[in-house]
Structures are given as structure tokens and as C-alpha cells.
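Here subunit A shows up in two complexes: once beside subunit B, once beside subunit C.
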Partner chain A sequence: MIAPVWQNLAVLAAVAGASWLLRIASTREDWRSAWRQLTSNRIAMASLAVIALYVTVGLLDCVAWRDRALDAGGKPLSDPAGRPILETRPLSVLDRLCTPLRTRTEKTYSAPLSAVQFTREAVVRADGSRGRDYPRLAWPRRHLLGTDRVGNDVFFMALKGTRTALLIGGLATLIVLPLAIVFGLSAGYYGKRIDDAIQYTYTTLSSIPDVLLIAAFILIFGRGLPQLCIILGITSWTGLCRLLRGEALKLRELDYVTAARALGSSDLTILARHLLPNVMHIVLISFVLRFSDLVLTEAILSYLGIGVDPATGSWGHMINAARQELTRDPAVWWNLAAAFTFMLGLVLPVNLFGDALRDALDPRLKTR
Partner chain B sequence: MTAAGARVATASAVLEVENLKTWFRVRSGLSKAVDGVSFAVHPGESYALVGESGCGKSVTALSIMGLVPQPAGFVAGGSIALEGRGLLTLSEAERRPLRGARMAMIFQEPMTSLNPVLTAGAQLVESLALHRGLTGAAATAEAVALFGRVRLPDPARAFDAWPHELSGGQRQRVMIAIALACRPALLIADEPTTALDVTVQDQILELIDDLRRDTGMAVLLITHNLGLVRQTATRVGVMYAGKLVEEAATASIFRDPRHPYTVKLLESVPTAHRRHRALAAIPGFVPDASAYPDGCRFAPRCHRAFSVCPLVVPRNLAAAPKHRVECHLYDPEFQARALPPPVEIAEAPAAAAPQGTAESLLLARGVEVHFPVTAGVLRRVVARVKAVDGVDLVVPRGVSVALVGESGCGKTTLGKALLQLIRPTAGSVAFQGTELTALRGRDLKPFRRRMQIVFQDPYGSLNPRLTVGEIVTEGLRAHGREDSSAVDVGELLKTVGLDASAASRYPHEFSGGQRQRIGIARALAVRPDFLVCDEATSALDVSVQAQILNLLRDLGKRLGLTYLFITHDLGLVEYLADLVSVMYLGRVVESGTVEEVFGAPKHPYTQALLAAVPRVDATGRKRILLGGDVPSPVHPPAGCHFHPRCPEVMPQCRESYPPETPLSTSRCVRCFLYHS
Partner chain C sequence: MTSYIVRRLLYAVPILIGVNAITFALFFVVNPPERMARRILGEKNVTPAQVQAWLADRGYDVPLFVNPNAKGAGRLVETVFFRKSLTLLWLDFGTSDRNNVSIGGQIRERMWPSLTITVPMMILSLLLYMSGALLVAWARGTYLDTGAVIVCVVAMSVSALFYIVGGQWIVSRVLHLAPISGYDTGLHALKFLWLPVLIGIVRGAGGDIRFYRTVFLEEMGKDYVRTARAKGASEARVLFRHVLRNALIPVLTGVVTEIPFLFMGSLLLETFFAIPGLGSFLIDAIQAQDFAIVRAEVYLGSVLYVLGLILTDVSYTIADPRVRLS
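On to the complex of A and B.
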């Protein structure tokens, strides 16, 4: 039984939008030649493959629906009126694909690929004697990255964290970029009162501690991934905006901008044709740097209890949990290691691909 | 004067460079920036190395100083001897004490060669302590004395001044003082005045010249400015593509150049007597240092190249006593095979200047551009930079007008104000009778099409992210004629002498001169009537400048363009312009026809300016040295702005600005000397 969740439609729309953009891009010669240059760059292609893998995992985790609840005997439940009763939690495609991983839970911590639990328990040994021992796991040597405090498979939890990271990094960036580009470029290009107003806005905004703003926003609008993305976007556009304003101030004095004005080009044309392409490298670099920042911010917010819902897997939660786990002796390191590896595995290719893309789009670096 | 200063000139050379080769490792192989250069500089001599950019002049200087950028650059062969001591065999530690002590170097950019966080005095004392062991009061006294010798206005104050408090000319004087601190035997001056205004350049050159005569030190002058060479050098070496192609005494080079490159280089300088004739442009450009042509490196551009030239590397020959040249034309072995010089079809000088109709294309009255200087939290206006301060200008249709003056005089601002790229704060600008200053946005757009501008910097004036085709059609796009672009672009590019295939390439793939052509094509695309050339050729090498000037002249005739040249190059004005206005600190001090103003300058500033510009064709001219620097336009001197520097200052000059005094129908001057 499929009960469409709002996000399924959103995912569909996003995928459609992205492919539409790609179609447009593929008709333009400069993007096509940039693509040709990228395909000849092995590192870029490897990075792209890794990114695609993450995106696939994230997308699979976004499409979810609720199953029919079953009774103890395995028969579907219905309410008195005969309508089907659904499970309270929807399951995503990823959940369904990883069913063994998802359902094979242990009691508590166990080290990666270990056969026994991490902690000792009072057990009855085979010979009948009682003592404290490391009990065998329900699924020995099946947990690639061990299990966490409540016995969930860490590898699965890390996979689940991908969606959160991509959503926070991606959605927040989608909010940051237009704000920063529009405000930054117009402040730098027009100057005077527009510049004053925009500068005033971002100076005020950045003088309030981010955490305070985020906490207030979450308190008002409730806890949730979309809210978090929005407020993270709102608080983090100022840095990029400042950079772009400075760059626009420099660019507007250049002769080609003056020439465009002398030719009678409109301000919008000048902004889009002369300023934007020449600041794109800054946008790209700061997007890539911001991405890892955002994932880390999420971890800090989880620590403060205003991050994403604890039931939603996130790398931030895993890192946050590591705070206590690392103080144990011996330390429980795999939760942190998993989150770190997954994060590095995403941020590094994004960095490498970002660099390659920037070079491919710069005509000055084009190899003829 | 102490011993080192008064050293008597001996027969032995201060500097002997023998077959020097300085190469760089680059991605495409080896870049042979200097590839077998030999010359000697004797005590008390001023030896000039000239050539276009990329010829290896600066690398030669850096090799002598041992400052070749590491690790890419290395000396691949040859020898350099300073006062008989081989430099290349010395270790870096042995070489360091020589640098600064026996040889010193001054650079082009006085703005960046001083450390901004140390006072001028501290930087000089550092050098004195290092090389002469002077410290404390002795060092301070010596430093102040040295500042006096380089004629800084107030040596004691200059000692405590921070670099930003000094003007460009004063900073260059400090640099010279530091260079002279240890009484070097050799002073290397790499484009020492290129960043300075002409009147200041004149002072600095005079200073170097005097110091050379007083102390008997040798000067190695590196420059691309041929006029400056004629004025200051005793001997000249002409460099081309890493080689020294000709070497002789200054007089003999200018009177009787032998190498075809030198000949063309000298002929390509715009001057008055070449007016109404095409300049001798050298086709093409300097080859890349990593891929020189075989045989003679100049052969592909040479108008006298013959069978042997592309095959055999020319020998170093004596064309005349003390006149060395590397050219097959003077090689007895090949001479016979040389072709006679091509007969130059003398272009009939156009009849008298096409004196335009009475109709004025552009009429500016009392144009003012004031920029507010704000301070404090509330951005209070504390002063105004009067960049342009009440200028009248008439541009008759079909007549070329030139606006000349030193940097900071407001000529560029005025140019932009005429085109409404900067809105004038007062005054009127009328284009064919339509007042432009009142027009906004959409109303102004039709006039945008008719007035265009070409910029100085060929690198900053083209958007690196757009193809040449997109750049050139920008105007058509803005005026909604995008559809016709496909036909126009190829035509346009051909008009400015570029291949139609250039349209799909990006600006960085072109040389400076080609980029300038693209800039011109962009302006011409909208078929303007009026073209402002803002120092359009200043950033180019002489031979390329000649190509662009020929193009502008030709386009002007064919398309009936009216030009406004904004420039500090007076040769260009004499060559191309009909009317000229001389600007000083935001005001026009003298205007008239080029013949009138340049033939008999009236205003003392015009006289000084004309005297200060080093020219290829003038010798033994009267020198008028102006004192001081151009004052700041924020606080212009009271009365006549020029009075603090004027040699003929009168009491009334300090009180009020002189009114306009018409001398003839076309001529005006603002000076009390002519005001009755």
C-alpha cells in the first residue's frame, strides 16, 4: 500500500529539475567542451562516480512510504471501519533494500566484525556455571562497522546519514547561493544606498551568534530537517555575500564593464554576462568549503539538541555520540570513524570535482 | 667626493657580459629569454638596452644582479664580469656583498619597491649599516646627506617620512638614494621612469645623469622608450628575441640605423613629420622565447629578408667602426644575394587636414566632475576631488581632438563624463545639439550607440569568459540586433585586421595588439560617429602601436569617425590629432590646433610638458625642468593651479585663476602672461 509522502514529490521535482538543467547545459557549446575536458580528467571522473553513488543512496533514502501494519499472525490490520491501518514510520527504498542490515540489531555496542558484544554481561556458560562474559552477538561477524549503543548497525546508520548530509548541504546551499549572489553582486555593482542597505543587513545578521538565531528559529518553527536547512541557509550567506561584494566592487571598475555600459547594455545584462561568470570560481570554492562546514554545524546543533530529529540518522549524531564513547576504556571508536569516513568520502570528491569543474569552465586554462 | 666617487675612468670595463645565456624551464621546453648576449659598459657611460617587451632586456639585468627567478631560471652559459671579477663562478654567499655595494638596481615600480611599514630613512640606514658598517648618528647624517644629493625637497623630513607620504617621484628618489648608498660602480635602472609622469620623469633622468657625471659610475638603462634613450644614453644595444642585434653610439644608431629591426622600430614612432602618412609598422609580433624561428630570428617580420635569412644564424659584424650588427645584409659572404630595399610607395600626404565643418559633433560647456571625499561614521563630505573642474571642449565633426596631460589631470574622467559613463556634477554636454546630461536610461540608449570608447589596458578591457564573437556583438545585442550578428562579426573582424575565425576563440589566446583590435571591433560594431581612444596604444610596444595607429587612421578616413584621443604621448598627438587641449589639474590650460600649440606653446605648463617629453627626432632642445610634483586635486593650489611649479610665476597668479584669453579663432590660453 503506497501512501505518498510530500517528500517523494519533492524528490521527483528535484530530479526532473536537475535533468532539465543538464539538458539545457548540454546544448551550450561552452558547457559541452567543459564536459569533454572533465571526461579526460581521471580524478574528476572518479570523484563524480563517488558523488553519484552518494546521491543515489540519498535519493533512495528520500523515497519512502508507509506499509500496512501487520498483526502478530502476519495478517494486515484494518480499523473498525475497514480501512487499512498503516505503520507509523514510513520506510524508504534504502531501508527496504538494506532490510537485513536494518533489522539485524544487537543489544548494544559491538566492535566492527566482532563475534561478541563489546560489554560483559552476566551469562550462563555452556557448562552451567554463571559469570560475566562477552555474550555472542545475534549476528556475529556481520556488522562491518560494528553496532552503536542501541545495537543498530553502524554501517547502515552511516548510510542513513547520507541523506541528511546531502539535504543540509544541498538545500542550505540552494538558499545561500541566490541570496549571496544577488545581494553580493548588486551591493558591489550599484553601490551607494543599495550597498548601504545590504551591508547593514548582513552586518547585523552576522553580528548575532548563529547558534542563537538557529535555536530561536527552531523554537518557533519546530524541529525538522527543512526548518534546519532554511535557517542554516539564512545564517550562512553573509560570508559569501561579503566576498562577492568585494569582487563586484573590483570588477565594476574594469574596462570591459565600462565598455558594456558604453554600448548601452542593461544593468541586468552586465550583472549576468560580465560579473557572474567572473565570480563563479569563488562561488564554487565556497560552496565546496561550506558543504563540509554545514555537515559539521549539524553535529554541533545535535549536541545542543536543536539538530535534526534523533530518529533520523545523521553523521552529526554519530559524531555527537562519539563524545561519550571516546571517554570509555577501551574507547568505542567505530561510530566516529564511520561518520568521519563517510564524510571524507563525500567532501573530498566534492572538493576535487569542484576544482576540476572550475578549471574546465575557465577559458584561460583551456587546453587547445 | 670620496675615492670611489671620483674614480677615474679607466680603459677596463665596469661590466663585461660575454655570450650570456639565461634560460627558463617552462612546460613547453626551454624558454631562451637571453640567448647569447655580449656587451661591455665602461665607467661613466650610460648604456641603454632597448627592445620591445619579451626581448630579454630585464632578464639580462636580473642575470647580472644574480636575481633570476629560481628554480625555473638558470644561466646556461657565458660569463659576466664586474670590475674584472667573474660573477657566475661566485657562490651566492660571495655574491651577496657585491649586490648593493658594487652594483645596485632601481626598479620600475616605486610604489612597491619600498617597504610600507618602514620609514624611508630606516630603509636607507639599513643599507648603510649592511654595506658600509655605518650606525647611529653617523648613519643618520649620511642618510640625510644622500637624500639631499638625490634632491629630495626636505632631506631631514624625508628621513622620517613613511613611503605612503611620498609621491611617486620622491619614492623613486629614495630608491636611487638607497642604490647609491654604497657608491656602486654600476647602477642598473630597469624602466626607472615608466611609472612616472613626464615632467617627473625628466627630473629623475636629469638626476641620474648628474650623478653619473659626478661619480663616474656606469649606468645600464633598460627601457622600451626610444626617445628616452636618445636623450640620456651614450651607447645603445638593441635587443630582439634574446639577442643583441645592433650596438653603437647613440648618435650613430639614430642617425644611421643598420639592422632592419632598428630601422623599422625608429620609423614606427609617431612624430609630427610623419603626419598624414602611414607609420612603418612591423608585421607580426616578437616570437615566443621557447620557439624561436630558425636562422635570423627577425626574418619572418623583416622587410629585407632574403634567401639566406631563414636558414643561417647571422654573425656579429662590424657595419662601421664601433657599430656592431647581426644581420646578413652586412655579411660580405651573403651581401651579394641580398635584394635591394623595397621601393616605398610614398603615400601622398593628404592635403591639408580635413578641417571639419563648422558643425560641432560634441559640445561640452563647463563640465565638472567632483567626487566627494567622506569621513566618519556618518559619511560626512569633508572635501571634494575636483577631477574635472569646469572644462569647455568642442569636437567638430570629422576632426580629431586630443586631450593631453599628466596622470591625475582628469583627462580620463573627462572622457568618461563626455560619454556619460560618469555623470558630470555640473555643466552641459551636447551631442549634435541634444543635451546628454539630462537624459536617463532609455532616452540615453540611442546616443550610447553613437559614442564609443577604446581603452588602454588590452587585458582588462575584454571579459575573459566570453568568446571574441560574443564580445564584438555585445553592442548589437544591447540594441536588439542580435539576428544580424552572424554576418557582421566576420566582416568586423576583417575590418580591424583579424581573421574571421577569431570569433570562436577567447581573448587570452590573443596578443596585446590583437586584443586592442578586438576592443576596436567591439566599439565599431554599433557604427559610432564618435570614438574616444583612452590611451588606446600606451600599453603596446612601439611596432604594435604603429599597427594600431595605422588602423585607427585608416578607419577614421573610411568610416568618417571623429576621434577624441586621450593621451600623454605627444608624438601621437602631433601625428594624428588636429586640435589639442592641454589639461592641468582638472582644467584646460591651453587649447588650439596642433600646429599652433606645439609650434609655439604659450602656457608655461605646455612649454614644460613639450620640453620634458623625450623624443626620437629632437636633439639639443631647451630643457625646462619643473620643480615638484603634480599637486593633489583634493587641495589644488589657490589661484592658478600651476603657480607653485611655474617658472614665470607672478603675484597675481597666487590670487585668482586666470581667465580664458583667446589668441586666435581656434586658440585659447589661461595664463596671466597673455591677459591684458
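On to the complex of A and C.
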């Protein structure tokens, strides 16, 4: 687990970086016209709103800090030296906002909005007789999507899965972008030996089927969110790198690059000022289209036992649990239904938005 | 043609050596044999002597790259790199770490269950997706087209896990049409296989039909199609004789990336339906922390992928005579 302070700073840095990029983009005419086209597309705008909602939930769940530990009387604890003792587990803003959801736990399964528990127990009835019955819940009709095996609110668990899904997509992209941009552009621009070396590297890497490389990597480095992000980044950069190399090959022959060279611009300047801005639309499109894949992959990997560790809430783990739950009679279906709804609710808008973005930014790739 | 194939095979050699280097770095440099032995024997209560005995038994008790104690060529041969990694190049997989069985034998045995679900799945899905996409492309611009595209986008946004979990639940548990999981030899395998195959086909339908539709639509916008229509060819003839053949190249490219998974099986389907194929072999090996098996599968997967790429290029010439291999 990353220390909360660093984690919060990283979130802040990511938000600042994203808004800085947006600011730059908003000054350029080609991006503005793409944005105008997007705003006239109702499906794209609705998708963007849903995505924004997920991102808000994810961000709220990323900012976390630890409270003072309290003793039985409710007074804050201190160690002998007078320093405050903190709780072992940090609580995120989302945890704090959802305190009722988080703390109102039951003993075990209960169906969505049910007043009674899912399983029978030995109870004392109102007339004093003993028997097996469905006991009333501690919080009847308060669990929108029911509760899971240990009595946690399923709706809350699904909310917690959002952070994992977004982090996987976001962090893997942070690894993909520098690798793909630096290698892709320099391979296309410089050509010759550098091109050969870079081509060899990504051909070799992409020759290993993704799932096998991920499996090997996770086996060696253990399960966990950071490891998973790193390996997903390593397996995903080759595709974008190939695209960017091809684009750089085309762009370096264009007149404005020749003109820049004639004016004495260094290679680095040409790469950064003339090539990079002209491939950014490809980067953005492939990021959005890749993002939904990453979210789906995370769930599958968690299910196969090579994803995030079981302590991290994830939709893959919820589906995994559902496998046993469906064998019960009657079946416990709400865990699966919750994970299904939340995943579809994120992946579908991302796919729709990605398509709209592609149509707006790169008419050559138009599919409709 | 022959010289082209030979040259492509030669190009594959440095790539396979690269893959070998990556697996070696990952499995032996990052994670030295001693650590591997400790993870397999259990972190606690293991004596150095036990670790050494285990390493000697599995042949890991030599230096990684150069063995100063051996003579002549033995300095390079009597090393972990040569014994455990280089041998993969000629597909000698060695024995598993956990119970010392021959991995090559296991792979030969387990590839058949994998093939029995992936080959029918691939052939049937290709036929169904192509006909579906042709139908949608034929009805372009109508409500059928719009509806189909919407269904496809929704279908590809649903995780594969839901198709499998949901399919098994509905077909096996609620309707009792198929056994829940398992495998049998010969024709008896059919009753276990039809459900995974069906789920596999449904799972890929959304993304692929949409992709093929795009490919077909792009072809249908070209001049030769207008010419064909102008000279009076029927719509069916235009679609099947002209568009279909010209659209084969992108379709073939998509199919080839699936080839490693013909052998690897579908990891998800195999683990879920308890089919003893190569996919479940890998997952079992990960759970048992058997490094040798995972290493062998990584390498085998890459070999199949590289072979698949060569096959695609060759199949291009069959699909499209304009493609010259040089």
C-alpha cells in the first residue's frame, strides 16, 4: 500500500497534469474544432458525463488519510511520548462520505432491499417459541444491492471497485505514453539503426502473447496493483509505438519539417515541436480505446488469480465470488449483477466516447 | 515462395532468441533459482541442505552463465542458461519444478482438449461473424444496421466473465442442458464441449462483427463495386464475389492473432469448465508456483505467434494474387 501522503500528492499531480494538457489543447484550433464536433454529439456528451461521474468517485477514493485512534471512551489515543496514535487503515474521502454504507454491515448475505437475511438461523420468535427462521436485518431495506458473504454492502463494494479499474487504466497509460512516444517517434524520425533496434524490441515483446507475459510477471513479482499496472503498461505500448512510428515516417518527409531543419532546428526541437503535436490525436484516440480494454482485462486477470491482491476491492473479485454464489439455491445473484452494471456503466460510455473522439479527431479512421 | 518462407523463418530466429532472453531475465536473473526453490519448498522450516538438494535434483545447481569448474565447452554448457533456457529454442521443455514430470509430454497431451474447443470455435465464429457482418453491411443505413451496431457495441462492453458465468448458470444450472463442467475422451467430450464453444462464439461476436462490418463497408465504397453494379451484377454476386474476396486481407490479419490461442486454448473457458487443456495447465502452474511450466508456456506461445505471422503473410498470397512475396 502506498503511503497516503504520496498517494494524495500523486492524485493532485495527475489532476494538475490533466488540466494543464486541457489548457494547452484549448488554445489550438484543430482541437477546438474537434471539441465543437463532440459537443454536438449527444451520445458522446452523455458518455462523457458518465465517465466524469466515475472519475469523481475514483478520485474521491484516492485521496485518503488516517484518523487518530480512539480508545473505548472515545478519547484520542497517544503513545507514551505524547505523539498521537493513528488508525492502521487510512480512510478515503469516499469512505468518509459513505460512512453509513460502510458501517451498516450485516452478518451475511441479504437480497437487494430485503428486510430479512438470506439464510435461516436459530431464532426466538415473538411468541417465545424457538425455531429456524430468516432473522430481520440490522438495517432492513437499506441495502440497495444487498450484502455479500461477510455482510458488506454490495453497492459500496462496487463503488470501491471503481478506483481499481480507473487506476489500472490510468497508471498503465502513464507507462505506455512515454515509452510509445519516445520510441515510436525516434524510430520513425531517425530511421536506420535506431529504427531497427526499436522495431526489434517491440516485435519481440509483442511476440509474447499478453496474457502469458502478464502471468509470468505476476508469478515472479507477486500480485498487486503496482505490478499489474507496470506489466499492463509493458504489454500495451507496442501497438501505439508501431502506429506512431508509421506516422513519424510520413511526417518527417513533409515540407514544414524540411523547413524547420533548414532553419537550423535541432532534432529534439523538431521531434517535440513539430512531430509530437501532430500525432497527439492518435495518442488520445488509442488511449481512450485502450482504456476500456484495460478495465475488462483487469477483471479477467483478477478472476484468474493473476490480478490485484484480494484485499483490493475489484469487480473481478466480485465476479469471482459470484461463481460460488450462483451454485447456491436460490442463487445469490446481486454481487454479479452489481459488478456487471458497474463495469458496463464504465466500459460502454468509454467505448462510445472513444468512437466519437476518433470520428472528430481523425476523419480518415471514420467507421460510421 | 519456398525461399520467402525460409527467409521469414530465419527472421524469426532473432525474435525467438529475444523472447528467450526476456524469459531468462525474468525467471532466473530477477528471481534466482535459490529463491525459486525456497518458494516451492516453503519459505520457513527449510534447511540450506534441502534447498541445495532440490536445486541439484532439478539441475539448477550450476552458475547462470559461465561455469568455471567445468572444462572446454562445458564452461558454457553446464550453466542454467544453457540447460534451462537455451534448450527451449529447440522446444525441449524439460521437467516441471513441482513434481518433476515431463512438460513436453504434458503439452502434447493437453493440446488436444485445447484444440477440440478452439478449432470448432474459430471456424464457426469466423463463418457466423462474416455472414452476420455481410448481412449488416448489406442492410447499411437501415434500422437493422443501426440496431446491430448498437447491440455490437453493448456486447463488446460486457466482460467475457459475464458470458461465461451467466452462460453456465443459465444453460447448465437453470435449464440443465449441459453438464456443469468436466471433460471426457472421444465423442463423449461433445456434451462437455458444446457450451464452452457456444459461449466462446457469443463472447467475441460484438467486437468482431462490428470490425468486419467496417471492413466490408469500406470495400463497398470503392469504385470496382460501383462498376460491378453498373454492369448489372446482382447484389449477392457483388457481396460474395467482389466484396468478400477483397475484404479477406484485414479479416485474415485479425484471425492470425488468435492462432497462439488455438493451442493455448481459452484460458478462461478452460479453467471455468475444468477442461484439461494448456490454458488450465498454465493457471494450475501459477497457482502451484511452478516456474518451469510457466516459462515453457510463455515460450511456446511466442513460437506459435511468430509462426502464425508467417502463415498470415503466406495466406495473403492465396487470398489476394496481387500480393507478391519478395
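The criterion applied here is as follows: the second predicted complex is superposed on the first by the 237 of 368 C-alpha atoms of A that agree within 3 Å, B and C clash if a C-alpha of one lies under 4 Å from a C-alpha of the other, contacts with A are read in each partner's own complex, and residues count from 1 in each chain.
Please note the rule applied: contacts are C-beta pairs under 8 Å (C-beta built on N, C-alpha and C of every residue); 3 or more make two chains touch, one makes a residue touch a chain.
Not measured: the values here are computed from a predicted model.
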On the A-aligned overlay, A:P178 touches which partner chain: subunit B = first, subunit C = second, or both, or neither?
neither
Classify the contacts of A:L254 with the two partner chains as first (subunit B alone), second (subunit C alone), both, or neither.
first
Using the superposition on chain A described above, determine whether A:G131 touches subunit B (first), subunit C (second), both, or neither.
neither
With the two complexes superposed on chain A, say which partner A:P310 touches: subunit B (first), subunit C (second), both, or neither.
neither
Touch test for A:G224: subunit B only (first), subunit C only (second), both, or neither?
neither
Which partner chains sit in contact with A:T269 here, subunit B, subunit C, both or neither? Use first/second/both/neither.
first
Have a look at where A:A331 lands relative to subunit B and subunit C in the superposition and call it first, second, both or neither.
second
Counting residues of subunit A in contact, which comes out ahead: subunit B or subunit C?
C
Would you sort A:L344 into first (subunit B), second (subunit C), both or neither based on which partner it touches?
second
Touching subunit B and also subunit C: which subunit A residues?
368
Give the list of subunit B residues in touch with subunit A in this complex.
416, 419, 421, 444-445, 448-449, 451-453, 455-457, 460-467, 471, 474-475, 477-479, 506, 508-509, 519, 522-523, 526
Can you tell me which positions in subunit C touch subunit A when the two form their complex?
14-16, 18-19, 22-23, 26-27, 30-31, 149, 153-154, 156-162, 165-166, 169, 173, 210, 214, 260-261, 264, 267-268, 271, 282-283, 286-287, 289, 291, 294-295, 297-298, 301-302, 305-306
Subunit C partner contacts - residues on subunit A that touch it in the complex:
200-201, 203-205, 207-209, 211-213, 215-221, 292, 296, 299-300, 303-306, 315-316, 319, 322-323, 326-327, 331, 336, 340, 343-344, 347-348, 351-352, 355, 367-368
Contacting residues of subunit A [partner subunit B, same complex]
254-256, 258-266, 269, 273-274, 277-278, 362-364, 366, 368
